[in-house]
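Common to both upcoming complexes is subunit A, partnered first by subunit B, then by subunit C.
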Partner chain A sequence: MCPAINSSYQVTIAPGAYVCEERLQLVGEISIGSKTIIHPGVSIIAEAGPIFIGDGNLIEEQCVIANRFPPGVDKDQMNQVVMIIGNNNVFEVGSQCEALKVGDNNILECKAQVGRSVTLTSGCVIGAKCSLTTDEVLPENTVVFGSDHQRRTMPDRPAFQTHQLDFLARILPTSHYVLKHGTKSHTQPAT
Partner chain B sequence: MTTLLNLHRVKYQCSCGSFKSLCYLYFCRHCLKIKCKDCVILEVDCRFCPSCYEHLQSHEAITRKNRCQSCFSCPCCNHTLVTRATNTSAAMPVSLNTTPDSGNTGGGDADESISSTNVSGLQTPSKKVYYLACSVCRWSTRDIRLADQPTLNSWKAQDNIHEGRFNELLQHYKQIATREKQERDRKRYSTVKLRSALPTATTSRSSSDKYGLLAPVTRRGIRTSGILKSPSLAESPNPTNSTLKPSDPITEIEPLDENLFLSNTFDFNKLTTITQRLNSVEIQPLIVDRLYPLAKHFTSKQSKRCKECDHNVLKPEPSPKLIKFKLHQMALFFIPEIRIWHHPAWSTTESNPCVLSIVNQLDEQTTLKLYTLDEIREENTDKDLIDRINQLDEYILTSQLTLPMTKDRSVKLHPHVEPNETDTKLDDEFRQNDSRELVLYRKFAKIAIRCYIKLKSSSVKTILGAFIIEHRVVGISPIVSTPTAISSNPVTRNVRHIILIDFGPTDKPALTLHSSLA
Partner chain C sequence: MLMELPEVSYKKADFIETTSGNKVCRRSIMCGSQNIVLQGKTIVMADCIVRGDLAAVKIGKNCVIGEKCVIRPPFKKFAKGVAFFPMQIGDHVFIEDECVINAASIGSYVHVGKNSVIGRRCIIMDCSYILPNSVIPPETVIPSYTIYGGSPAAFVEDFPETAKELMIDVTQSFYQNFKPLQ
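What follows is the complex of A and B.
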């Protein structure tokens, strides 16, 4: 029920946020904003630096939000690189986000993957099973869709998910074990 | 497990010479030959919309240009658009999905429950308006500033600015075409009898044989219906309006201004792709703001007819919702199916023993005879078959397939029964007569036979082997001229099929041996 014990983590949860404990995997220094809802089965791995998650985000099952070291670097020599996720983003089931900067109101659809060098501004939608591993800043309101990763620009950002967030905030604590707000830390026992 | 139903590995030769998997082939019971989709004639039976299953008569569908009135495709990604409803007075738009089929009832219930929890305090009467949205690329009719419609199914098609000119040209050429056809047919069919029984189809667009889609019977009828009038009456010409304003030709085209790409006003994101542009040929919008929902095309259910004997091979039910067939002569129901069961790790010099399984799909007991290509060549009876074998051997085959037992290999196959049948008496009887060399395993309708593959040379990349099976088919007798004395003897014949097996690349590891075969 508790988060994975074989890793050290320090998580700060703001009041109003609901983080399901089941199959949760936390590594490193994490901060979660208010009204953010994290479903069971999520992994938040702050290996190469802290992760700050904003308000009103919806992180669904089996998501991976990771701040990993770039491949082939000396892990001891690296400075800490901060990963910031903005407000009102939606990470649908199975999506993976390693982008260092994510803005507001973005949607990563099911099984979407975003690499480290991408910067999501605001209102972007990464379609289902699309993976972005380029080195670029996505302009606002860009939609990436299709098996061939076509792109188009929407006239305005996608709709808010406030209804879903309110509903979950009521229902989730009644049937899941939820981490209380505050700071919770666990250090790996030295072996 | 995926190797069990590798359909593309085993191919049967159709009577036109092409090799296809058994599931794609038809069997004509009158000429007793395998037919594939390239040697049958298609006839359109039923036209319907693929998303709402709206079924229209042929003539009505053609006047509607084979498009659905209520289903639309996204102009951006070509997926089906979904109708969404919102309330006009709510501060935050509440969106719920309704498909064109479900109508107002489904959408209404959900809407009430949502509005009661979310829109608290708003007393103004909320009106529901609809817009179309694509769930894949997130395009919607709001992107092109199209107003939300208050009623479902009120999306109008765009006006075609060239329509007047098209109609003028069509009328003009139609008149020329009818005149030419009448003259041509009068010369050719000067002595044909007038067929008054056939419907007098006018040579309008809907019944003319422009694309070769009509049945041969109707085709002949249309050709001869033009000469129903006696030659003397047809002399009087229709008052043809042959004065048609010719189009204005353009001799000079503006060259492309290279500075266009450098200017600030040029935005690549706003341009449509060629596919998007050509999806609506009449309009061909250049910029993304001018895209419009595309009405969905109809699809058709077709019946297939053998080219040689003109009998139907496949006839579906006319309703789009029924998936059964009135006439369903697939090769799978007449010919036993052969699958690869086991092959060893390939050695280029020695003979590799492989196991093939044969499954009987018929409802009756079948006797199957197996021949290698060499034996057929020795027999020298069927010249056509030998020609085909020689061609195959020269150009395609990369290995030689031999079967154990020198001659007279015949195996009996059980009829196709339900798997939980417990009567094994017939099975045991067959097992007694089986040769241990050839038949490795037998269970109800399925047997496993052994064969040997020897590669032709060591530089072979993929292994292709072939052999021949022979079995008996029961056909339908041709209709005799006197309707009273219909012969009741069904025609039975032994037919032979060439089977081409692709075992795969030479470096593929051996398939795991099944426990019953070891």
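What follows is the complex of A and C.
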């Protein structure tokens, strides 16, 4: 029931965060803020630098949060680039986030994909199966939706998920193996 | 539809076969398995995630759940909090690979195409077909004998009245052709 042991990782989990161990894949240096809930089946890959995940985030199954090198670069030459994810974001089932800066209160719906050069500010909603690979800073409260990726601006940010986070914080530890808070690291044995 | 489904083999060690004929892949993640009911002769393929820990999940007989699907009971916000509602899937339902199912209930004889997202608290009535790669917005009701597709999902055309026999045929022959490698 432990995370994939074929990669080295170092994860620091704040108190109040619950990280389900099942099918969890961790690579690299990761920091998880308090009250963040991570469901089973998540991959957090901090290959090109550390990932700092803020408080109150909800990361659902099959999500991939990756800080990867851009394709085709020499990995030894690149410096470490930090990926920062703010507070109260929701990453729904199957979403993939490679954006280096994610603000607060964003929602990535099911199977949404956000590329590396996008910056999500606050209150953005990326609709289900929408894929954002442009080089841009998404203004606050933008909604991207539909198969043709239409955009609108909401008058207000999306609601907080505090009720759901509280509920999950109560029931997840009872039915899953959950990583305890503190620092847990595993180094790949030298081959 | 195909006249004869191809034979699909699996390694016997990869699947758990229960007394009622359910075949569940060992690689699937069944959270809260005491809350998950499979009525019989249902096949759950590899890497599926069924979240029985959030609420009860009841899946009918002769269903096929493709690889990497996520079956997740929907939640409803009340004034005082949230609750996850039990989820029900009918008989002879064929869910193709990589779907995300958040529906409140799926009727019988339904075919869900590959890679679709079924939003929160949707109700999919009997004998409907969801096209591959479609996104069903939350709280949609999909009527019987229809084909829905696209993102957001819209009515495409009617499903023929033979849907029920078609789905029974597909699911039963899939089960019969799903044989362990000897």
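In the analysis below, the second predicted complex is superposed on the first by the 191 of 191 C-alpha atoms of A that agree within 3 Å, B and C clash if a C-alpha of one lies under 4 Å from a C-alpha of the other, contacts with A are read in each partner's own complex, and residues count from 1 in each chain.
Here is the rule we go by: a contact is a pair of C-beta atoms (placed from the backbone, for glycine too) under 8 Å apart; a residue touches a chain by one contact, two chains touch by 3 or more.
Since the model is a prediction, treat every value here as computed from it, not as a measurement.
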Partner chain(s) touched by A:His176 [first = subunit B, second = subunit C, both, neither]: second
First (subunit B), second (subunit C), both or neither touched by A:Pro158: first
Partner chain(s) touched by A:Pro71 [first = subunit B, second = subunit C, both, neither]: neither
Greater subunit A contact set [subunit C / subunit B]: C
Partner chain(s) touched by A:Gly146 [first = subunit B, second = subunit C, both, neither]: both
Which superposed partner A:Val125 touches (first subunit B, second subunit C, both, neither): first
Residues of subunit A that lie at the interface with subunit B and also at the interface with subunit C: 127, 145-146, 163
Complex contacts: residues of subunit A adjacent to subunit B: 125, 127, 143, 145-146, 150, 152-155, 158-160, 162-163
Residues of subunit A defined as touching subunit C within the complex: 22-23, 40-41, 60-62, 93-94, 109-111, 127-129, 145-147, 163-164, 166-167, 171-172, 174-176
Touching residues on subunit B, where the partner in the complex is subunit A: 76-77, 92-95, 114, 118, 136-139, 142-143, 269, 288
Complex interface listing, subunit C residues touching subunit A: 29, 31-32, 49, 51, 53-54, 68, 70, 72, 75, 77, 81-84, 100, 102, 115, 117, 119, 133, 135, 150-152
